[in-house]
Amino acid sequence: MVPLVYFQLLSAALFIIGLYGVMARRSAVLIIMSIELMLNAVNINLIAAASHREGWGSFVNFDGQIIAIFIITVAAAEVGLAMAIILRMYRNRATVNVDEIDLMKW
Amino acid sequence: MSWFLFIILAVFTLGGGLGVVITRNVVHAALFLLVSLVAVAGVYLILFAEFLALVQVLIYGGAIIIVLLFAIMLTRTAEYPYISDNRQWPLAAIAAAGVGVVLGAAFWINGVSQSTPNSPTFSELSNSLFTRWAIPFEVASLVLLVALIGAIIIARAGEDSR
Amino acid sequence: MQWAWLIPVFSFAAVPLIILFGKYLPGKGSPLAILAILGGFALFWVTLFGFLNATPDTEGCQTGEETGALTCSYQRTWFEAGFPGTDNDVDKRVRLTWGIIIDPLAIAMLGLATLVALMVQIYSLGYMRGDARFDWYYAFHALFIASMLTLVLADNFLLLYVAWELVGLCSYLLIGFWFERPEAREAAKKAFIVTRIGDVGLLVGILLLWSQVGSFSMADAFAAAQSGAIDHGVATMAALLLFLGAMGKSAQFPFHVWLPDAMEGPTPVSALIHAATMVAAGVYLVARAFPIFVASGDALLIVAIVGLVTALGAATIALVSTDLKRILAYSTISHLGLMMLSLGALGYTAAIFHLLAHGFSKALLFLGAGSVMHGTDELDIRKMGGLRKVMPITAILFSIGALSLGGIPILAGFWSKDEILIAVNEHLNPVFIVLTLLTALLSALYMARAMFVVFYGRLAESQEHAHESPPTMTITMSLLGVLALFFGFMAFNWPGDYEGIGSFLFYDHPEGFHFTWWLGILSTVLAVAAFAYAYLAYVRKSYPLAGIRGRCSGLLKVVENKYYLDEAYQWGVDRVVLVVSGFVAWLDRAVVNDVGVNGPANLVRHLGVALRLHVTGHVYSYALAMALGLIGLAIFWWIQST
Amino acid sequence: MPGLTDNLYLLTPEFALAGLAFLVFIIDLLLPEERKDLLGWLSVAGLLGVVALSLVMLPGKEATLYGGLLAVDGYSLFFKVFFLGLGVFIILSSIDYVKLHLNHPGEFYGLLLFSILGMNLMAQSRELLTAYISLELLSFSLYVMVAYALNNAKSNEGSLKYIIIGAFSSAILLYGISMVYSALGVTRFEGISAALSSITDLRPALWVGLALIMVGLGFKLAAVPFHMWAPDAYEGAPLPVTAYLAIASKAAAFALVLRLLSEAFVPAADRWDQWQIIVATLAALSMLVGNLVALAQRNLKRLMAYSSIGHVGYILAGAVALSTDSLLGANGIIFYLVGYSITSIVVFAALIAFFNATGQEEIPDLAGLADRQPFLAMAIAVSFFSLGGLPIFVGFTMKFYLFTAVANAGYLWLAGLAIFTSLVSLYYYLQVIRQMYIQPALAAPATDAADGPGEHPPAEPESEHTHTPSHHEPSGDYEPLPRPSALLLVVMVLGLVAVVGLGVYPAPLLELVEGASAAILPGG
Amino acid sequence: MTNFDQAVLLLIILVPLAGALLSMFLPRGRSEDAWYFAIFVSAITLVLSVVVFARYDFGAGGYQFVRTYEWLDAPLNIDLSLAMDGIAAPLVLLNGIVLFGAVLISQTIKHRTRDFFVLLLALGSGVYGVFVVQDLFFLFFFYELAVLPMYLLIGVWGSSTDFGSFMRTKEYGAMKLMLFLVAGSVLIWIGILALYVAAGQAGSPTFSIEALGELARAGHFSPAFQNWVFPLFMIGFGVLAGLWPFHTWSPDGHVAAPTGVSMLHAGVLMKLGAFGIIRVGMVLLPEGAAAWMPVLIVLGTVNVIYGAIAALSQRDLKYIIGYSSVSHMGYVLMGIATLHPVGLTGAVLQMFSHGIMTALMFAMVGAIYERSHIRDITVLNGLMKRMGTASFFFAVAGLASLGLPGLSGFVAEFMVFTGAFRTYLPLAVLAVIGAAITAVYILRLLARTFFGEADPRWEHLTDASPVEKTVGAAFALILLFVGVWPAPLTRVINTGVESVLLLF
């Protein structure tokens, strides 16, 4: 069996890849995608922990899976809303590159 | 066996992820994302979280990727296929590496514990979801509603009065 | 005698009345002032006889342990500060009193001041007639004399200082009375500031005595000084500090510069200042604080030296000055120097006697000069001459004053100056007596010069329209003339109760009248010779002055320029004080404000401007900042937790 | 689970609120375009109804629902009423603005009501996921509302930045939750606190997880260095939304953080002692950066954004003072939140009134406001003085209370820094006041706003020896602004009365506040 | 105690505050009304001040008119406790007088009159509050309240001046003043918090000055603690008292401020600083105070000399008075620092005396500026001819400031010297010299501006208005009265000083 820690490391790796993506990419769409990677990393972590957590606490604890379900839901909503905003942005400014989106600064 | 699966899935997960953040083509990025997300679903499977795997494939693979592809298509610009990273990417890499070190160290020091993964049944899961977690569940539905209304208001074409 | 405190109060009371209602009163309130001082003068006599009849048993009176002189004093508490009920503990409390002292010195000064003030005020009725600020003049006048009388009567140093400063203020107000004239206003300012510098010393001296004695009372201070409770060094220090104040007020070198300029005030004011009030205060102070000077000893020598330098220097300047009032002014300085010299030579009685004699004579001379001015509108003696013909009364009276000050026998000035010579001869180095005699000679010479040039000889053409002054002026002058003539006889031990001024007014032990023949004759000879020479030179014009002028032109130039002291002070003010002040003002603005205040303010603001650059407007750098924050926070948190 | 939903009726206000939001959406469909402002009134009436409902039903109730997910206690009641009240005032201030400047009023009010629901739940959550979901309900509404000026590029941009950073920090927060979960197996606050106080060899994953949660919440609070979205979102958003962001969303985030800290961290006294310094560091950074950068701002909204970052620093400093021994810290924070919110409402109501009249929002545009519309100028000046911490306004009292708590916790240096940065903040508040009161109203907008100490206009060479005092008689040629609408006037007057009243006599409020903080810190 | 005695201190704070609030509802535009109303309010406060001063029983001493109002209970324990001692009493009186005078003299304010008086009365209320409260929170509350209106008062109704080589705008003056004073209060605030914490460690967290004083006497504040907290108060309050080198707001502020504000500010507000050092610093931290007094007296002496020398080369009337205030506040600081009963009494009396004298000077300068629109002493001259009354009163104030006996300045300065002489002799001598320098700049100013030939340029100037004459005469009479008979003040001050110094 693969010990929990490797799943956690996998999750951490995916998380930092997403993290890097958010910080390094130009397109808003790609940034949203990177955030999705991060959320998936969260889910891996949660589910791995939930699966390895039998007997802890007062009841069989699979809260991690529940939380993961919520996260997937929220992530979907988030993507939808973010895309709408990006679309509006594109319509107004004809770009979705975040380094051109700096009307406001300082 | 599970080790083998794990490594394969991990390679796909991370590879897809890396593809998303490295590729210069947005559409490719979306496809890489798909690869990664599906691989994640596989990871769920080896953790015996079948329901989550299902949800993952349906929502991510089905819905989110589609939305993303739509967005990409709708916001197409001339440079889109060649979109590159912004200027601070080296810094970003360092920062990400830093976070990775912290997280990795935290997990690694936590120690390697041997235990067999197990998972609740569908009915246990749903029971919990609709009793104990009913309130977050309802709130989540409101979140979806808000997102929906918001997306409609914001994205609807022809909003150019005022 | 207990009511002597009313003497100044009369005049003080007149001040607000004149200021407020002067406009509506007959004579613009001047009668009020004159009445007040007249009341003071009357009360002076009451006090005098009260004192003469007083015995150590009289309320408030006692005989000094050391001197045996009778002193009366009366106090009321003014205010207290500090913890109640801890009397005379300098670290706990100070109690301040209004108090008067009545002793021969005070009485003598009271007499001089009230009389001269009375004369001057009556004189001013004529002199100041028609002035726009007639009422203010009398108000200031009343205040001036009231302050002086308070000063004289004060039984503690604090009250003395209070009065001292008020005297300074009034001299400022009166010297600058015609403030429209820039010279007057500058002179007033100069007078106040120069004397004020001396006052710093006075105040410090008073505080020094207080911190030694625990009280501001003069009696306590003197008792301590005489009993040796005050350390010798401290006594010297205190004495010198007090003397510093006296130097300022009495125009001793190098603080004498204000007095000649003070001529810018109305002439009666000059008479008052020079005879009875302002400058007398310094001599009075030294005399009053004599026990401390004696306890020190060293201080007396300094007093003598300063006095001599002042006397000699001023006399030389008086000799070459061409302005009538300035001649008189330098003469005053010179005589004040003599008084100080006398005090320094332990000639206490002589000094006070000379103060009185000089006071009457100098008042007379100034009023005379005022009369001349009134008649001719001229002060430059080179443009005058032969005024005897048009102003006979003035001429006679002026001559009396001049002769008196010149030291011609039987006039007041002769006797008092002689006393000084004796004292100097007895107690000081022979060099002093030689120089003192030289001063006496010069003194006679410049008085003679002024007298002859102005009143005798041929009537100057420009002066033909001159006229004699009104009676208010001449009568008062005459009264003073009488005093100048006969006051000297007060020195004698007359048959009857009167035993001479030396037994009335003494320090340490009563002294009868005495006369050293060789000194008397020598001084007489010198004085007569001086007058004779002046007569020849200025009236007969038989002596070629130009030759002397030619031969000593260098020296003359120095003297004519008053030894360049004014220039030196001016340089000091311009180049040192104003430069320092300008530097401080610049420092305050450019360094303290612009660097010290605006600097940090700008720093903070620029910090803000610089710091805002971190919000680049690019969303990925926001994420980067968060990631860095995350790393920091996680590591920090981790470290804290283990 | 037996009894899991026994006390469900205690959530009636929440259900009522959600119902109200749906009602607004439905009625929106029925109303003609020009009568849509009725929706605002409906929302206000509904909110007041919910307030009444809460006040009737909930006082004295203490209950935990759903096995520890939600708490109904004095704390949540206090914040419930507080948030609903804020909602009333925000809506009242926005009705005119919405009518004048925004499309889709129905959805606007509906989203606002949903977000208030989210805030209420945040104050009640005792579990990380519930808290997160509630927070997302608030955030999603805000993302949309920030973008509500649809054709305004700044509004788009603000919203985009906000949602990207928001999602990013959500991911971080969630990762933290996942790490806490993987270390402890629980996500309830009391479980965390029990674990923190009992487990002897706690794991790094827990530390890092908690740190990540703090990052996620730090974003919501706009604490430095997680603050950078705030100025952009504030500036981009329509004014009422900015107000809402600055006031309500911040207060809600603090309501959550305060409960999290008090219930999860503070009871583990040993751990909390170690972590105070971290919170203190965040607080110090926020005060410094927020107030310093605010010095260099020209846009009023942006100024308010940075200033609010500074205030976050103060409140975080107050969090350092949380302890089981004393309610001082908790009281201070809640009092500060209330005071800050009320003062900010006045500021924003005045700014909205000004914007409605002129369409301007830069600081130099305010020049001469004291002549053009004295009441507005007075309202802004008073509230700025209050924010700057001067008496007789609530700003002084609340700062004094809070900083006393901080000092009392042994962090005198932090209190000192807070006081010092208050001084810095006074400078930029005064700059605005200067524009309104001292600068004459100009025909053209004023040129340079930023010359304070240190900048002298160049000396005139020809002015040789005399100085010439210039007389600044106000020229009569300014245009008076139209009176602010009655609605905004009411908001401002009520706000000002509260600002002064609470500044002079805060005791009644503090009694309520104490009830609230006693609920989360029972030992205090 | 009568009912009146119980309520009077509260009234004295509330009357001007209520007056300010009510003024806000006066109809806009009728500036006379606002003025009349402000006169009415400040007259009431003046009467209250006089009465409360007169009713203070100097035989009994200590704190009187004690009254405590609950304000906030645990855990903070803040009460509005009011009381007046012998040190506060003359200052309350001073505030009543100067506030009334400032209101009267502000007849010339025609622009936004109502707002002006609202702020002015609020300022007055804050000053009263500081003098009579017995709680650190409220002391600080009122302290800030007194500072708060200054910005607008100067910024809106002030004047900017171009001095050729540099420029002082009213914005600059107002901002600098405000930031400076608030910066001072930063230190005070920190000090107050430190005291609260220390009291908490001693077992009874409180802001009450009385309770803290008891803790201090019981030795609960360690010397090390006192030694680092006292300078916070010393500098914090010192900023408002014009302590060198934190004085620079004062001249610039005065130059920019309108007349009435200058009067109140230099007259009363600067005293708050010195009062704070006594009331908070010395009473609560006696050991720290004793340790720091050498520093304070050195700075005070620098104040005296530096202010006087800087005033010497100023050309603007208000700058001269501003620097002279710096110089004179130096005496106050010196007197405090002597820790000598006489010196401290002198310091308090100097506060009173300087308050009146500087207010009088500003009032008269205001009268001149109002008419000539210039304050440059090299340009103004011969004013005595045109504005005799104003010049006269200015001269009286000037003479009081140079320490002329018979006017109040002398008595106060003399006592300060006396105290300093026993404790720091060389500095006392320097201070006396400073007084002489004062004479130089005052006389120079009088000579330049008021005396000399009448200048045709100033022929159009009219003499002071009846209101200005009244204020001038009243203030001049007070100066004279106190100078001649200071006992009514000193006997009250003595009791206050005694109770403070018993701690040392």
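By written order: A, B, C, D and E. Residues from 1 in each chain.
By our rule, a residue touches a chain if its C-beta (ideal position, glycine included) is under 8 Å from a C-beta of that chain, and two chains touch if they have at least 3 such contacts.
None of these values were measured; they are calculated from a predicted model.
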| item | value |
| --- | --- |
| Comparison of A-C and C-E (more C-beta pairs in contact) | C-E |
| Centre-most chain [mean C-alpha coordinates] | E |
| Cα-centroid distance, chain A relative to chain D, in whole angstrom | 27 |
| Rounded Å distance between chain A and chain E, as computed from the means of their C-alpha atoms | 64 |
| Chain centre separation in whole Å, for chain D relative to chain C (CA means) | 75 |
| Between chain C and chain B, distance of the C-alpha-averaged centres to the nearest whole Å | 101 |
| Where chain D touches two or more other chains, by residue | 129, 133, 136, 140, 143-144, 147, 150-151, 159-161, 164, 168, 172, 179, 204-205, 207-208, 231-232, 296, 427, 452-453 |
| Multi-chain contact residues (two or more partners), chain A | 4, 8, 15, 18-19, 22-26, 28, 31-32, 43, 48, 50, 63, 66, 70, 74, 77-78, 81, 85-86, 88, 98-99, 101-106 |
| Contacts with 2+ other chains: residues of chain B | 86, 88, 91-92, 95-96, 99, 102-103, 106-107, 110-111, 133, 136, 140, 143, 146-147, 150, 154 |
| Every chain pair meeting the contact rule | A-B, A-C, A-D, B-C, B-D, C-D, C-E, D-E |
| Of chain D, residues touching chain B in the complex | 1, 4-5, 11, 18, 25, 65-67, 69-70, 101-104, 107, 110-111, 114, 117-118, 121, 129-130, 133-134, 136-137, 140-141, 143-144, 147-148, 150-151, 159, 179, 183, 203-205, 207-209 |
| Contact footprint of chain E on chain D as seen in their complex | 326-328, 331, 370, 374, 381, 385, 389-392, 396-397, 400-401, 403-404, 407-408, 410, 412, 415-416, 419-420, 422-423, 426-427, 430, 433-434, 437-438, 451-453, 456-457, 459-460, 463-474, 505-507, 510 |
| Chain D-touching residues of chain E, taken from the complex the two chains share | 17, 28, 70-73, 75-76, 111-112, 115, 126, 137, 140-142, 144-145, 147-148, 151-152, 155-156, 159-167, 169-172, 174-176, 178-179, 182-183, 186, 189-190, 193-194, 196-197, 200, 205, 315-316, 369, 373-376, 378-379 |
| Chain C-touching residues of chain A, taken from the complex the two chains share | 19, 22-26, 28, 31, 98-99, 101-106 |
| For the chain B and chain A complex, residues of the former touching the latter | 2-3, 6, 10, 13-14, 17-18, 20-21, 26, 29-30, 33, 36-37, 40, 43-44, 46-49, 51-52, 55-56, 59-60, 63-64, 67-68, 70-72, 74-75, 77, 80, 83-89, 91-93, 95-97, 99-100, 103-104, 107-108, 110-120, 124-125, 128-129, 133, 136-137, 140, 143-144, 146-148, 150-152, 154-155, 157 |
